[in-house]
Amino acid sequence: MTGDGAKTGLRLSGVRYGYAGGQGPVLDGIDLEIQPGQVVGVVGANESGKSTLCLVAAGIAPGTIGGRLEGTVRIDDINSSHAKPYELSQRCGILFQNPTTQLSGIAPNVWEEVAFGPRNLSLPLGEVIERVEEALDALGIGALRERDPQRLSGGQSQLVALAAVIALRPRYLVLDEPTSQLDPEGTRLVGDALVRTAQRTGSGILVVEHKTDLLARLTTEVLVLDHGRIALRGPSHDVLADESLERHGVSPPSDVRLRRALTAAGVPIPDLAV
Amino acid sequence: MAPPKLGDRALLPDRAPAPQSLPDFVGRPAQGRYRGLNPTTKLVIAFSTALIAFGVRGWTGALVALAVVVASATYGRIGRAMLPYALATIPLVISILLVNTFLYPGASDPIAHVGPLSPSWSGLTAAVQGTLRVVAFAMSVALFALTTTTNDLVSDLERRGLGRRPSFVLSAAIGTVPRMIDRAKEITEAQRARGLDTEGRVWRRIRGLVPLAGPLVIGALTEVEEKTMALEARGFTAPGRRTVLRAMPDSPTQRALRWLLTVGTLLVLAASISGALGWLP
Amino acid sequence: MSPTERVDALDIDVENVSFAYPDGTRALDNASLRIEPGQRVAIVGQNGSGKSTLVRHFNGLLRPKAGIVRLGGEAIGLRHVAELARLVGIAFQNPDRQIFGRSVGAEVRFGARNIGLSGAELDRRAASALDQVGLTGSEAVNPYDLGFSRRKLLGIASILAMQTPVVVLDEPTTGQDAAGVERVAAIIANLSAAGRTVIAISHDMRFVAEHFERVVVMRAGTIAMDGTPAQVFAESAWPTLESTFLEPPYPARVGAKLGLGSTPTDAALVEALRSRT
């Protein structure tokens, strides 16, 4: 980490947020900190505030979509309310659920799609090229470079979108249910890419998912969101095995479910590793 | 030292340095004699011919425009590709011919008397001129559409100073149509599966408009919202000019041609409006 | 308003059906399948395997280029989709490509109205359907004030209200949280208890293993495997599953490793262990 700990991290302090024209706060008192190198998972029932949390963490709310924010959101040394969206996107990237709508829709090939962000920042051509090549390389999608982004599988589209985000070189990444609309192959593709990204880079990652099996693989810490508040937090292993998880509308990972079924039936638990 | 960031070179395992040149498929210039012209040149040609076709009375305007278009198409060897567009004007042409020949107001030079109808020579003249104008216009548009991709055009315009927002809107607008068509198909299927009758009698089908249009409109609005967030997250609202990847080929000859055509067209239109060109056939 | 009224049972018979889209993509290649009334069938396979194309043949949205599709013994022929919608209801994956009503109440009644219901019977069915998806009391709410997953349940409700003998659910659990998944499971159980056929396209192998008695695995327009979850997720079938990018559910993998035979669900694994000791 750095010698100046106070100046790094994606930090939400006392955050309350409500959408413009909405009824009441969707996030109601969130304190959360992600340091570079950490991968934190977020689970919760639908409408518990998970997507809103992603938008607030990345500064899109209220920055782009308005709404009322109380508390502070800081990304490293800046306060998100004082930064422009294009400054924020270079510090914290965000990946959405829908594989196609987050792509620009105007790039004729994957290479130009990934170049979209760096071009927007008016970077010199040499640097644009460098960033695109590295992003494609980091995600292993070099082979897709000439393909039409609108004609890819869901999983491939998500990888292209992820490459497009990291081409802006953010230190933090927020992922809002990146695999929920993908088939099993797409889920595997994206899941593996996320694991690799998390391992290889020193970035801080916040990932929202229903798939607790994936989170068990990917994260070191998990937060449970319930009605806009953090109901539970701690090391992944502990939180995902917690008894109260289902009460918060979350399905535990497969091995936890199996263990519980065996215990309930009074059958001794064998080695469950596969 | 600050920790490295996603996408940073420092984090990738030791590899050969990334290639520093643009891949050749990015902004690859179009091939062909007419196709290979700079997009703005082709745009200026299209505008000039269309304006001359309609802006100058009588035969001259339409014939000159048509001649330019046909010459360009021949030069570019795309004459054959233009044929379908020419044929597409036939229905309109037939109606122009009929309406003008038989119903030309104030005609006093009948060709013949066919029962109650009196086709006139003035009418026929107007009809053929009208036809030529329409065909010239259609061919001018076809010539442009067949030889210029949206990407190339927008890229060139942006390089010349068109803002990033209008550029995006232009590019996105073209892509919207096929997407909306796909979406409309999905919506139609879902509503038919709920018993909406699209195969029965007409009045039943009209009732289907709201269930078909409703989700389409709502979906388009939702998409705008999502797209806005996604664009901002990709730095779209940053100030300054976007980095140009590859400049479209251009030449001093083309530049001169564009100026000539623009100024020439404006002069001709001014003259035409002021009546100075009445002597032309 | 009991969801367990008995209806006319309907079997589905797909005989050597082939289908290609206008652009030439062969989506179904000589597929044959017979579904008995009241069965719970899951159709699985990666995107592009032909699952969606297959189910669209059940209600006439697509007509086979070769082969015959029969409902209740009668060939579908050229009967209109609007007519077949009384027999086979399909709840598509994306609710936002169908919802247009200004209220939940209006939306849930749409399909049932189209097939000729009205008045008290219509209200009864609407209430029953909303009850099954947990949206009772939300009749006046604008569907777009509901979250995506509840809108999806609303889409399913509008099909339930039509009370068709065959119900097809396209990816019903995608994007659902734990409560939503349970609701879908309950809906399937209710439909089955009422004697209706339930067909679901799903990516969730665990859900499939736990709630369906038959699994049809598709690959490249053909049926690669067709059997019970125990058969389809047995170790001998894994190479086939892998070839279509599917993975057996966790209990199946554990059971195979422990040498317990085919245990596609937690319950099966528990039982196998219990009987071993």
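Going in written order, the chains are labelled A, B and C, and every chain counts its residues from 1.
We take it that a contact is a pair of C-beta atoms (placed from the backbone, for glycine too) under 8 Å apart; a residue touches a chain by one contact, two chains touch by 3 or more.
In this text the structure is predicted, and so the values were computed from the model without any measurement.
The chain with its Cα centre farthest from the Cα centre of subunit B is C.
Top contact pair of chains, counted by C-beta pairs, is A-B. The distance from the centre of subunit A to the centre of subunit C, each centre being the mean of the chain's C-alpha atoms, comes to 31 Å.
A straight line joining the Cα centres of subunit B and subunit C is 45 Å long. Averaged C-alpha coordinates give centres for subunit A and subunit B that are 41 Å from one another.
Shared interface positions of subunit A, defined as residues touching 2 or more other chains, are absent. Residues 56, 59, 61, 80-82, 85-86, 89-90, 92, 94, 96-100, 110-111, 114-115, 144, 158-159, 162 of subunit C are the ones touching subunit B in the complex. Against subunit B, in their complex, subunit A makes its touches with residues 1-2, 8, 36-37, 55, 58, 60, 63-65, 84-86, 89-90, 93-94, 96, 98, 101-106, 108-109, 111-112, 115-126, 128-131, 133-135, 137-138, 145-146, 150, 164-171, 173, 197, 200-203.
Interface residues of subunit C, counted against subunit A in their complex, comprise 46-47, 147-150, 174-181, 203, 205-206, 245-247, 249-251, 253-254, 257-258, 266-267, 269-270, 273-274, 277. Residues 1-9, 11-12, 15, 18-23, 25-26, 151, 164, 168, 171-172, 175, 179, 223, 225-245 of subunit B are the ones that touch subunit A when the two sit in their complex. Those residues of subunit A whose C-beta lies close enough to touch subunit C in the complex are 44-47, 97, 153-154, 177, 180-188, 210, 213, 246, 249-251, 254-255, 257-258, 261-262, 265, 267-268, 270, 272, 274.
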